[in-house]
Amino acid sequence: MSEEREPVRVGVLGARGRMGAEVCRTVDAADDLELVAMVDDGDGLFAVQDAGAEVVVDFTTPDVVMDNLHWCVEQGIHAVVGTSGFTPARLDRVEAWLRNRPEVGVVVAPNFALGAVLMMEFAQRAARYFESVEVIELHHPKKLDAPSGTALRTAELIAEAREAAGLGDVPDATKDELEGARGGRVRGIPVHSIRSAGLVAHQEVLFGGVGETLTLRHDSLDRSSFMPGVLLAVRAVTGRPGLTVGLGPLLG
Amino acid sequence: MSEEREPVRVGVLGARGRMGAEVCRTVDAADDLELVAMVDDGDGLFAVQDAGAEVVVDFTTPDVVMDNLHWCVEQGIHAVVGTSGFTPARLDRVEAWLRNRPEVGVVVAPNFALGAVLMMEFAQRAARYFESVEVIELHHPKKLDAPSGTALRTAELIAEAREAAGLGDVPDATKDELEGARGGRVRGIPVHSIRSAGLVAHQEVLFGGVGETLTLRHDSLDRSSFMPGVLLAVRAVTGRPGLTVGLGPLLG
Amino acid sequence: MSEEREPVRVGVLGARGRMGAEVCRTVDAADDLELVAMVDDGDGLFAVQDAGAEVVVDFTTPDVVMDNLHWCVEQGIHAVVGTSGFTPARLDRVEAWLRNRPEVGVVVAPNFALGAVLMMEFAQRAARYFESVEVIELHHPKKLDAPSGTALRTAELIAEAREAAGLGDVPDATKDELEGARGGRVRGIPVHSIRSAGLVAHQEVLFGGVGETLTLRHDSLDRSSFMPGVLLAVRAVTGRPGLTVGLGPLLG
Amino acid sequence: MSEEREPVRVGVLGARGRMGAEVCRTVDAADDLELVAMVDDGDGLFAVQDAGAEVVVDFTTPDVVMDNLHWCVEQGIHAVVGTSGFTPARLDRVEAWLRNRPEVGVVVAPNFALGAVLMMEFAQRAARYFESVEVIELHHPKKLDAPSGTALRTAELIAEAREAAGLGDVPDATKDELEGARGGRVRGIPVHSIRSAGLVAHQEVLFGGVGETLTLRHDSLDRSSFMPGVLLAVRAVTGRPGLTVGLGPLLG
C-alpha cells in the first residue's frame, strides 16, 4: 500500500453491543482504517457526521436500523449492515433511497463469516446435481428463532437453484410421522434446528444422490469469525455504489 | 471349542426376505451352526419342527410374528426376533407364554448392529451428565416411518435416565419457530429425521453441556452389519431362558 | 429430446471388472445410449470397431489403458477413461495423439462421483480464504495406496490456489511429534489416511480461519455413485474434441 | 444439603494462569465451596496452610507440580491435579507418599471435561467389539505436542482392551504410503493429529466392523468445559483417600 493513502474513516453504530464492540476493536487494530465514532442508544447520529466518517458499520436492532440507514444514505455515508430483519420490502426501500444518491454504497449481509458465505455459494452451486437435500442448523439454546436467518437464506437459494434446473420435490416416502420429526419446510426444503448447550453457531447442508452424499458444514466458534468479513465489506463498500446483498459478490 | 460339540440347529422364518436371506447365508457359513430349515410365506412352521431346529430366527412381519413366536415357545424352540412392532403389550404377552415354558429363551431386538447397541448403551449412560440432548437419525428416502424404531428407543432410554437423575426439560429459548423446525418430541427429547438418497441407516446423539458437546454416531452401510449381532444372539439364546429385550444384556 | 435422434453407440473395455460390469448395466438402461460391445482380457479391440461404437468407456488397468486409448484415437472413437495411473507424462502423450485427430474427444477422470468432483471444485475455490487446511480421506482397509488419488489431486488443487493467492505455509507450532501423527504432506498440505472396516470411500477437507471452520465432506457408499458421472461424460464427449481432465469442466 | 454443613475450604495453585483463574472464579461461585487461597509463582505454599485449605487444586507446570503435591500430602491436604506430565513413574511416587498418609486423597486427571472422560470410558468399552479403530484429534495450531495427552491415553486404553480380548492388529493392506499419511502408532493404534485455526480441542474415535462404524466425538469449545469436572473432583476427593487417576472412577 502506498504511504499517501489516508486510512478510511469508520463510525460504528451499536458500538456497545457484543458485535459492535468487537467491530470497534477490529477497526481500531486495522492499519488502513481509522475508528472515528462509536455510537449507541441515546447518542446522536450527528457524532458520526461530525467525526467525518466515510463508512458506517451498523450492528443495532431491527427497530432502529432503517432510520440509521436512511440517514447515512442522505448524508452520503457508505454503510455496512449486519443487523437482522431485512425483508425483501426493506431491501426495496433501501434501493429506492439509493436511486437518489447513486454514489453511495450499502452492503447488507445475513452472515459475515467467510465460511458461511462460501457454504451458501457452494450449496447454491451443488443444488441442481442432487435429488435430495436437507439443511440442519445447530445453535446455543438461548437463540430465539428457529431456523436461523442463515438457514432460511440457504434453503431459499437451494430452492431457487432446484427450480431453475427443473427438479421437483425431494423424495420422501414417510407415511407414519411423529409430528415435527421431518423438520420444517422452506419452499419445500426440509430444515432442522438443533439447540444445545456447548454449541455456538453451526450449519450443515446434506446433499444426496445415487450412492453418495456431499456435506457442507460451517462452524462459527466465536464472534471473531465475523470480523474478516466485516473488514472485507468496509474496504469494498466505498468502491461499490448501490445495494449489495450478502458478501458473496465481494469474494470475487 | 471341543470337537464333540454338535452344531446348533437353526431355522429361519422369513427366509426369502432381504434380511432373512442374509441370515440364511450367515448361519450357513458359521462352523458352529447348522441351517436346517428355511421357511417363508405359505410354508408351514412344521418344517422347522421336522428339521429338529433348536433355535428359530424370525425376520417376518408384525402381523405374523406373534403367531410364530407363540408356536415356537409352545414347541420349546428358542427364538431370536428382529421383526419390528414389539410394543410393551406384545412383550408382556411373550413373557406370559414363557412363564409356562421356563426353559425357553427369546431375544427380541430393535437393532442387531453391535454399534447401534453400544450407541444406545452409551447414550443411556451419558444422559445424566448433560443438560442438553437431541437425537438425529438419517435414513434412505424410502423409509416409511419417522423417527426410526432405534431413535424412538434411544430417546426413551435417555428420558428415563434423565428422570432418574432429576434433570428437567432440555433448555430451549425458541419463541419464533417455523412449524416442525425443532423436530418431534419423544418424552421431551427432540428427535429429528433426515431422509436422503445416498444414505442407508445412521444415527447421531448429541449431548451438550457447559462449553462442550459429546456426539455418538452410528453408521450402518449395509445389512451385513446386523449379522454379528444375529450370531451373538443365536449362540446366547440357548443358555438364556426367559425374555431378553435388546442385545445389550448379551454384550456382557 | 427429438425422436429422430439415434442412441449413441457405446463399447465398454474392462467389461467383466466390477466397475466395467456396472457401467455395462448403466449404459444398457439408458434410453439415449446403446451398449454395442463388451470387451475384456483376451478379447480383441476390433469387436468395438466392428460393432460401430462411437464412444468407448475404459475401466481396465494402468498397463493396458494407453494402448487401448491410442487405438481408439486412431480409429476416431471418443473415449471416457476411469482407469487410474494417469501421470502428467501420460496426459501429454494423449494430447499429442489428439493433435493428429482433432475431431476426437477424450475425458480422463480420477473420480466420477459428482459429489467428489464438486468437493474438489469447492476446495479449490475456498483455499485462498483460509490460513489452515487439511485433507482427511477414509477408506476400507483393503485399499493398497495411501493417500487416495482423489486426496492427492485435492491437495494439489488447494496448493496451487494458495500459491496463486500468495498464502504461505499452514500454521503449525508442533515441536514434539510422534512420528507420522501430523500426516503426510502433499506440496505442504497435510493429508491423513484413515483405514477401517465398515468404510467405503470418503473424504473431508477442513478449512480453518479466525474463529471458524468450513468442512467439505464426500461419502461414496457404493459403485453406483460413479454412474451419473460416467453417463455425463459419455453424453458430453462426442461434442467435446480434445483432452478433458476431470469432470469439472463438464458440470457447466 | 443440610444447613450445618460448612463449605469446603479450597486453595488454588497456579491461580494466575488461564486455567487457574477460571478455577478460582468457579470455586468462588459454588455455594458449597470457599476459595481461601490463591497462590502463584513467587508466593509461598504456606499461604494455603495458613488459610486452612482442606483441598488444593493444582494447575501449575510439570517442573513444580511434584514439589507442590508432596508438600500437600505431608500437610494432610487433599489435592486435585490438572497439571500435565504425569508419567507412570511420577504416579508411583505419589502412591508411595500416600502410603504414609492414608487419610489423604489425590486426584490426577489428564482431562476434566466430562464429555472427554465419557469418551475415553466408551472407547475402552467398545474396543473389543470392532476389528478396526483409529483416533483423530483436532486442535488449534499453537499446540506444541502431537498427539494430545488425551489421544495418547485413549489409544492406550483401547490397546489394553483389545489385548485383553485377544484381538490382533487392525487390518491395513497399505503397500504404497506417502510417509506419515497413515498417522502415528500408539501401541499399534493409528493416531492422527489435525491442526487448524478455528479449532479449540476436539477428538474422534472411529470404530469399524462388518458394514458399520461407530464414532465417538468430543468437542471442547472453551475452558469452561473443564469446570464441572473440577468441581466434581473437589467435592469427591475429601471422601476418597489414596490416588485416583482420571475422573472415570468419580462418575459412579
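Just a few scattered comments:
Note that the chains are named A, B, C and D in the order they appear, and that numbering of residues resets to 1 at the start of each chain.
The rule is short, and it goes like this: a residue touches a chain if its C-beta (ideal position, glycine included) is under 8 Å from a C-beta of that chain, and two chains touch if they have at least 3 such contacts.
Please read these numbers as outputs of a predicted model, since none were measured by experiment.
Between the contact lists of chain A and chain B, the overlap consists of C, D. When every chain is reduced to the mean of its CA atoms, the largest separation from chain C belongs to D. Shared residue numbers account for over half of those found at the interface formed by chain B and chain D, and the copies are therefore classed as meeting with the same residues. Chain A and chain D have CA centres that are 40 Å apart. Centroids of chain B and chain D (each the mean of its C-alpha atoms) stand 35 Å apart.
For the pair chain C and chain D, the distance between mean C-alpha positions equals 45 Å.
Counting partner chains per residue, chain D has residues 130, 198-199, 207, 209-213, 219, 221, 225 touching two or more of them. Chain A meets chain D in the complex at residues 198-200, 219, 221, 225. Taken together, the chain B residues at the contact with chain A in this complex read 130-134, 136, 138, 141-147, 170-186, 190-199, 206-213. Those residues of chain C lying in contact with chain A across their complex are 113-116, 118-119, 121-122, 125-126, 129-130, 207, 209-228, 251.
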